[in-house]
Every structure is written in structure tokens, then in C-alpha cells.
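In the two complexes that follow, chain A is the common piece, with chain B as its partner first and chain C second.
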Partner chain A sequence: MRTEGGGALRWALVGPTLLLLVAFNVFPLAYNVFLSFTNAELVGEGARSVGGANYARVFDDPLFAAALRRTALFVVVAVGVELVIGFGLALALKRDFRGKAFVLTTLLVPMMLSPAVMGLYWSLILNGNYGLLNQVLAGLGLGEPQWLTDRDLKFWSIVLVDVWMWTPFMMLIALAGLSSIPPSIYEAAAIDRAGAWTTFRRITLPLCAPLLGLAVLLRATDALKQFDLVMAITGPNDGGTQTLSALLYQIVFRDGKVGLGSAYAILVLVVVMALATVFTRYVDRLRGAEAVR
Partner chain B sequence: MRLVRVLVLVVGFLCAGLPLAWMALSSVKERADTIAQHPKVLPFATTTPAPESLVFAPTTGSWSELAVVHAGAQASFWEHLGNSVLIGVLSTLCSVVLGTACAYGFSRFRVPGEKDWLFFVLSTRFMPPLAVVVPVLLMYRQLDLAGTHLGLVLLYTVFNLSLSVWLMKGFLDEIPRAFEEAAMVDGYTRAQAFVRVVLPEARTGMAVTAVFCLISAWNEYGFAMTLNSSGAVTVPAYFAGLAGNIEGMPWPQVAAGAIVFVAPIVVFTVLVRKHLLRGMTFGTIKQ
Partner chain C sequence: MSAPENREAFVRPPALELRGVTKRFGAGASAGRGARALDGVDLVLGEREFLVVLGPTGAGKTTLLRTIAGLETPDAGSVALHGRDARALAPADRDVALVFQNFSLYPSATVRENLAFPLAAPARRLSRAEIDERVAWAAKLLHVERLLDRPAKKLSGGEMQRVAIGRAIVRRPKLFLMDEPLTNLDAKLREELRVELRELARELETPVVWVTHDQAEALTMADRVALLVDGRIVQTGTPEDVYARPNSPLAARELGTPPMNLFDVERKDERWITADGVELARADAGAPERATIGVRPEHVLLDGGPSDAVVHVVEDWGPSRVLFAHVGAHALHVLAPRDCALRAGDRFRPTFDVRRVVVWPRA
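And then the complex of A and B:
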């Protein structure tokens, strides 16, 4: 493969994009670091340096620890459930049947929609008194849980809506994994009289694993930012559902404490960047493996 | 096994489709029927039905009321939709143009530090809006960009560059270099070869990239509500703003608006269904 140098042209092509990205990512990051050492507020001037006081406060703050734990729980449970259901749906969709294209497209629609708008609409469906879900549950004699107001249930309602939105994503990638397995392997397994479970555990699962890994990482970095659904379903300042992003919003935009919020933001960014690095490494390895094939 | 498969598919189909069908139904109800104790399922009533009846009288009132300015909002739904369209379309155009140029540079030339740059581009996608929005907001206030269309267009353009560069790089890598080389042997300059030979070949890729950029700008909420809370408010931020409304949520209008808002996305999903996998994974999976 011959690649020419290209001289000024190559920089004219890639330059504007890279400059914009640096301007909108590196500059705010540096500014964020600066702000995190001050007592800046959203309104008013005259921020003074406060040294590392903001960071000390963050580590002492039980709200931060709780939001961190809650976000971690959210990522693990939501992504885990989406993976299992999505994989199950993909297995059910493996064979062709009439109307498959229609069913598949309908199943995929939720992930393309706006979380803020759909979250708001789900709060009508989940309403304890007049929501559709409880009307159905009551009809089946299953009781009427207070999805939006019960302290212990609110968090799981948000997980539920997230699962509704993002299971299709897992299904889509699992389908790609399944269709990449050559049928000859299954034929060989059948000749060796491997049972259904053995075939699944020894062939289907390991051969889908690389793509599923990518899906899990992509979803996890996304779930880590969870904000839209929390805002739509309970608001940012709810003790039962406050994720890291919701806490950040509360501190900066409701309490107006920009300095403190910036210190929080830096700590969140450290976590996100760690995960993003894992993701890009994974993509790099996956692509390397493809090139060899 | 067959039974399990059918059951899984039926339940999955209903879970995905029912909330959307319910939304369509809610949009032709009176507000009282959307928050009735008994579910109102059948839009066939001609007289006033009993409270526990499943039947309700359909109305198109909510659709005409999309033009009404509700308490707690500054403008009608249509005006906010106009903001969403303007911001979405302009930022998509910018992202696709810049992203295609950048991807072409990375695809055909040797750029120093190419791999590091590409992964830097990808990693910008992972920034949580709430963690970077404060410096952007302070910067925008200095430049008078907060609450303007231009501010969000600029931000969404940058936000979507990661998607656009990675998707277009995948599509451009698939176009044989021999095409341009042949054109250049025929006396085209590199720029002419790019415009007359490569771009026509990359049409599908650019359309798919545009759809994914548009959808992510269309659905974005975190930046929209924090930067544009007072001017050029997009639809997701507008709907969220109605939640604090003292008159209570105007559910039928929200349902009608949500249908108008998500309908184009559903159409686009159908149009790009063959490329969904690629679009949703930044082109890292190609099939």
C-alpha cells in the first residue's frame, strides 16, 4: 500500500477538525482544572483561589460517594440486563421467518429515540395512580407498585426505562456476532453429537464474545453519563436516583457552585477517561485481529 | 424451542411497540382521559362514556394546540421544533463536510501520529456533557453565544465530529485508490479527483453519516438545557421545561409533539437499517 506524503494538503484536510476538537475539549478541560481550585460561582464575579479545598470537600461528601456507588450499580445492572435480554432476542431472531424485517425494525426503534422525551413519556406510563403499567398489573392482580415515588423503587424505574431503550443495541450487535459464525462449525458440532447447551457454551458464546465485549464497553461509557432519564423521571436532586451527572447539574446549576462542581467534574472525567482508554485499546485489538484474518 | 422463540419475540415486540402505540393513542385524548383511573383504550365513544369504560371520545384538540404557548414555556411546540431542525441540519452539514475531509486525509495520506489522533478523536465522544459544560458556558457568555442557534450548531458540530470522522474513514477506506490514481493519470489534480471521483462513490456513506449525526444532535439534551435554557430552546429541553408547569403536564400535547418529534427518526431508522450496526458502533463493526 503506497501512501504519499501529501505535504500541506493533508494538514488542510485533517487540520480544521483536529483544531476544533482540541479547542472544544482540551481548552475546557484546562479551564475546568483552573476553576476547580477557586470558589467561582455561576453568577457574580471575583473568584478567589481556595487551593485544594474543593477536592477535600468532594472526598468528604457522602453525596458524591453515594452518587458514585449508584452510578456504578446502574452501569452494572442496566448493561448486564440489556446484554442478557438482547442476546436472547438475537438468538430468537437468528432464523428467518415471514415479517422478520418488520419485527426487527420495530425492535430497533427505541434506541434511536430521544431519552429526554421518551423518559418524560415513560413517567406517564409509570405513574402509580393513572399509569398504563399499573393499570395492566392491577388487571392481572399483581398489585400497584409506586414506580416514581417509592424510595427503593425509583432507581429501578430508571433502570427499566434504560433497558427498554438500549436492549435493542445489544440485540443488534449480538445478531452481528451470531451471523458471523460459519454454519460449518455447527454442522461439525452436530456430527460430533454435541448437545444444544454444549454447542451454545463452546461455540456460540465464545465466538460472539469479542463483539459483545465491544457492545458492553460502548454501553458502559454511555450509561456512566446517565443524566437524561434521571432528569425526566425524578429530577436531579432525588436522594434515591442521583447519578454523577445529576449531582454535577445540581451543584453547578441549582446551587451555583462552579468551583466545587469543577472539582467533581475533574474526578468524573478521570473515571470516564480510564474507561474510554480501555475502550479504544479494545477497538485497536479488535481491528488488529481483523487485519490478520 | 420453537414455542420459546415465538414467545420471546412476541413479548419483545410488544414491549418495544406498545409504549409508542400508547403515545399515539394518548395524542387523540382529552387531558382527563390521559390521566384517568381506568385505561382508555378504544377511541370509539360518541356520547360521554362511563368513567370505568375502556372507550373514550377521540379528539384532535391536542394537535391543533401544538401551536399554543403553554405556561412555563416561551414559545409554541412548532417554534421549538423549528429550533431543533435549524440546529440539527446546520450542525449535521458542518460535521459531515469537516469529517469527510478529515477522514479523507487520514485515509489517503500518511499523517504523523495518525493512530493517536484517531483515538483522540474517538475519545472526545466519551466526555459527559455535564462535566465539560461549565467552561463552555463561561466561554459562550463571553462571546454572547449562550442561548443562540449558532452556539449549539458549533457545539453539536464538534460533538459529532468523532462519529463523522470514524464513519467516513470506514466508508472511504472501502473505495479503491485505483479510482483516483486513474483519474490523476488522466490529468485531474488531487482535489479534482476527490470531488469528481471519490465523493460520488462516497455518497451512501455521507448520507448514512449525516443521518447518525442528525439523530444525535436531534436527541441531545444535556448541552441543550444548560447552554440554551432561555433562547433557541430545542424540543427535548422544551418538553423537560413543561414538567415544572403549574397547570400540570399537558399530556395529550406532549404525546402529539413527541410523535411529530420522533416520526422523522423512525423514518430515518428504516432508511439506514442496513447501516445501523456501523453507525451505532462508530464504524468499528462493518457488516
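And then the complex of A and C:
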């Protein structure tokens, strides 16, 4: 068998992918960089170069700083809570019991639904006047918090929905991690008189950590671009919930400032790329660790 | 089974005593059906005794150890440790150490942490200094001192096994349980550790139940060997006992490489003759009419016998040669000296060393 294909065959095989990559990744990125140095608008006259003015504005923009802080808070809190609850659920569901398959399937449902649709549903549930949650709370005499309009609450409402949606994902990965630990290690620990806490801290946690780390990275990159829930629950231009993606959307598609928005996008890209580097390094290290096992 | 040979057993309760231990697995196990992993096992282990349980794969060896350790609950029978009924004791409270066949180290922890782990249980109330001292002692004994700060997952198989054994000895348990601890190692290391571990057990004065399918381990290490076949103990005794005087054809088949030659025979006057009329050896006048006789390959001489045999294959085993032959229709293994000139196709007249022939009466 020939291992070295002819030039023509090689290009025929790789060509389509390359073409798609250039059309949908390389060109848009290059064009975005170009736009970020102009004052292009969504509708209107041709763009003129403005030099680095857009970037200068980004750094002066209190909205950008606030969105950056808010997004970071969102990533840390939402992913953190998802990790803790998801891991806890996985520990609780590790053992076999009757109806386990049913419970697992039920728990996984939120993850499979469309975020935009779930955002709409939750905005119905959380609605301050006629929402299901407040009807229940009012019935119990616990008051009627304005989940979606209260300045201090609406951000947390979005965190809540994100946690509801993505905790199952953490649980699933944690379960995979738990089931990969050989039972004999636990038996050895039992014979060694290790208590429940020691067993958890010295065996369960370290052996699950690589997979959990992977799950956290996956979720963090995803949470970083949080958009659909914000869009569906409060809209993109809400001072209390505006994430980076929502801010970008607002500038480019509502305000029509394509040039300025492109500069924002480039900066967001830098942040994402930094995270992606951490991500790939981590995956490489995992693979390295796997190889010596 | 016979009473414990160990004299101490009369003053002190034995380190371990199993009576009628039965364990079933699989469908219907709780209802008394299911495959029987252990079937009425009786076993007594004296203080300081080194007992090797020898048996083929699937005989129930690991289940036996797990039952002693408390990781399995027997369906019937009793387990007593130092005279105490152990059935109600959790694994942690039995003060036994189990070395797993697959090592089961804590992979992300260092060797030092692995060794310290069994000592760190709050119930032991050991000071930091005592723990360090014991870890250092075990590491020195097992030659893993220079590995102390290495993560367990970066060790070689032999190193892992040493650490696994180290983890067992640091806490000076009342009983060692070893599940094929040398099986995953290469031959050279296996031989080395065999000697070292035998010494170690003697030094620590701790009784050992050592499970293996390796006959060499059983014969070289054991004070006493227990043959386990299909969940039953078929014979216990010193290595000399079980090798030279197997108590049944079943026990005879378990021990010896090449295996003992077994023939179903009838006695005609003073001769052993097979059903198809092949005369094999001289018989005592008082011997049973119908019997199974066994003779080890090293107790077959190459000439002077009553019948012809044909050599099929000659294997070179280094110090000796093994002849795979047939006498009549019956397979015959012979351990011959290295200078033996017989080759495939050659004929010879095998003589059994009658003092060494084992006779079991047959119905």
C-alpha cells in the first residue's frame, strides 16, 4: 500500500476542509481585525480608518469593565456551584439502586434542552407577578421577590438557571470519574482503617480531579460566552446582567457600531484564547499522565 | 480435617480458624443456589505459620482471602481470628493486611504517603515521628528508600509490589493475606522476592496466608500447603507431604511439573495392569484389587520395565530432559537426566520406582 498519496489526491482530501476553514474562520477573523480599526456601521456609508481609537474607547468604557467583571463572577459562581452540586449528586448516585436509570435520565434532561427555550420557560417561572415560583412563595407567605427586575436579584436568577441547566453535565463527568476508580483501592483503604472523610480526600477526590478539571474547563469556556440566557431572561442591554457577549451584541446589532464592536470582539478573543491555551495544556498533561499509568 | 499440628495451638487459640466456610456467587446466591466459590472450607493457621493456598485459576483462592479479610461475608460457616468470632468485625477491625494482586496503591500519592496511609487513621494515635520512623523502617526493609518521594503511578511493577507489601507491614498486623503477590512480576524478581518475603515473615513473626497458582512458591515458601480445587480444600500438609504423598488423584494432579503420571489399574497377582492389558509395575501382595496408581516423572527409570514405551517429544529443560511418551495407549511423562540419548520415535522399557508409587484404592 502506498503511504504517500500524490499531491493531487492530498489536496482533494484536505482541500474542502481548508476551504471551509478559510471561509468561516480565517477570513472573518482577518476582516474583524480590519474592521476594528475603522468606524464601520451596520448601515450607512463606507468605513474610514480611525487607527487605534476603538481600542482606546474600549479601555475607557465603564460598560466593558463592568461586563468583564460580571462575566468573571458568572463563570466563577455558576461553574463553582455546578461543580459542587454535580459532584455531590454523582457521589449520591454512585451506588446501584432500584430505578437508578430513571433517576439519571430525569436528572440529565435539563442539559439536553435548548438554552434559549429554557431561558423563556424560566422567565415565565420567575416572573414577579404571575410566575409559578412566586405563586408558591406567596402561598407559603414568603413574599414575592422580583426575580427578573430587582437590580440585585436578576443576575443571580440567571446564575440559577445556568446551574439548573449544567449541573447534570458536571454530575455525568463526575460519575464517569468515580466509576473509573478501581474498587480494590477502596477495599485497601477500608482494611487500612481509613475513615469516610480520609477516603474521600485521599482517594476519591485526587482520582476524580483530572476529569473534574476537564469538566470545569469545558464549562468555564462555555459560561464565558454566556448569551442565550441573558437574551431570553432580561435582554442584552440590562445594566444588571450584561455579560461580554450581551454587550457585544448590543453594540454591533442594536447600536450598529460594527467597528467598535469588532475591537471589543478582538479583546474577548484574546481572553478566550488564553483560556483555550490553558485548556489544551491541561488535556496534554492528562494524556501524559495517562501514558505512564 | 485434622487438629492443628502447631503445638502452640493448644495453649493459645490459632491465628485463624475457618470452619465450613461456604460462599456462593451469581444468580440465586442468596437463596442457596448460584456458583459455589467456596464449599465448606476448613482451615487452621497457627501463630507464625506460613500457609500457602495453592490452586488453579477460579478455585476460589481470592474469595477465600477476601472472606478472611471481611470484604466478603460467607453464606455459611465461621471465621475466627485469634479465637474471636470475626463475622461481626468490619475489615478495619480485623487487624489483617491484604496485599492485592493488582497492588491497589493510591496512584496519585507518593510512595511515602502510600506507606503512611495505614498509620494515619486517627484510631491509631501515632505521632508524626512514629509514623516517619515506621515508614523509614518499611522502606529500608523493602529497598524502596530512594523511591519515597515518587508518585506511585510512576513506579515499575516490581517497585509497586514492594510498596504494596510495605503498606501491609508498616502497621504490623496480626495476619498477612497475600493474593498472588508475585504473579505480575518477571521471573528473576519473583525468585528474589520469594526469598526476601519468606525471611521477612519470619522476622516479623506474623502468620501469613499466601495464595498462588505457582507450585514453586508453594513448595519453597510454605510451612504448610493447602490445595484448593473448585472451592474445596483437597489436602493440607507440609510441602513434602503434599508432594510425595498426595491423598487423592485430584491432589496429585494439582502439584508437580510435569504432572504426576496417573493410571487406573487392576492387580493381577503381584503386577499392576491397566484395563487394556498393559503391565506397568510390580504390586505388593497386600495391595487393593482395583486402584489408581501415581508415579512422579522423576521416579520413572528408562529401562528394565515390563512394557514397551514410545517417545513422542523430548523437551530440553536445562538440567534435565522431559520425555513425553506413551506406554500402550497411556500418556507417560518421564524426567530424564540431561545426557539421556532417547529421541522422538525411540522405544524404551520404563520402570517405576515401586517405593515411590502412590496407590489409591478404587471402587
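List of remarks:
The definition used in the following text is that the second predicted complex is superposed on the first by the 272 of 293 C-alpha atoms of A that agree within 3 Å, B and C clash if a C-alpha of one lies under 4 Å from a C-alpha of the other, contacts with A are read in each partner's own complex, and residues count from 1 in each chain.
By our rule, a contact is a pair of C-beta atoms (placed from the backbone, for glycine too) under 8 Å apart; a residue touches a chain by one contact, two chains touch by 3 or more.
It should be emphasised that the depicted structure is a prediction, and the values quoted were computed from it without experimental measurement.
Judged by the touch definition given at the top, the superposed model places A:S49 against neither chain B nor chain C. In the superposed model, A:Q135 makes contact with chain B only, not with chain C. Using the contact criterion defined above for the overlaid structures, shared-chain residue A:Y249 touches chain B, although it does not reach chain C.
More residues of chain A lie in contact with B than with the other chain of the pair chain B and chain C. Using the contact criterion defined above for the overlaid structures, shared-chain residue A:L224 touches chain B, although it does not reach chain C. By the touch criterion defined above, A:L20 reaches chain B but does not reach chain C. After overlaying the two complexes on the shared chain, residue contacts for A:T280 are found with chain B alone; chain C is out of touch. Comparing the two interfaces of chain A, the one with chain B and the one with chain C have no residue in common.
Those residues of chain A whose C-beta lies close enough to touch chain B in the complex are 3-6, 9-14, 16-18, 20-21, 23-25, 27-29, 31-32, 35, 85, 88-89, 91-93, 95, 101, 103-118, 120-122, 124-125, 127, 129-130, 132, 135-136, 164, 168-169, 172-173, 176, 179-180, 211, 214-215, 218, 221, 224-225, 227-228, 231-232, 244-245, 248-249, 252-253, 258, 261-262, 265-266, 268-269, 272-273, 275-277, 279-280, 283-284, 286-287. On the side of chain A, the complex with chain C involves touching residues 182, 184-185, 187-195, 198, 202-203, 206-207, 209, 289, 292-293.
The touching residues of chain C, counted against chain A in their complex, run 69-71, 90-92, 94, 96-98, 100, 102, 104-109, 113, 117-118, 120-124, 153-154, 167, 171. Interface of chain B with chain A (complex): residues 4-5, 8-9, 12-13, 15-17, 19-20, 22-23, 26, 34-39, 98-99, 101-102, 104-106, 108-111, 115, 117, 119-124, 126-136, 138-139, 155, 157-158, 161-162, 165, 190, 215, 218-219, 221-222, 225-226, 235-237, 239-240, 243, 249, 251, 254-255, 258, 261-262, 265-266, 268-270, 273, 276-277, 280-281, 284-285, 287.
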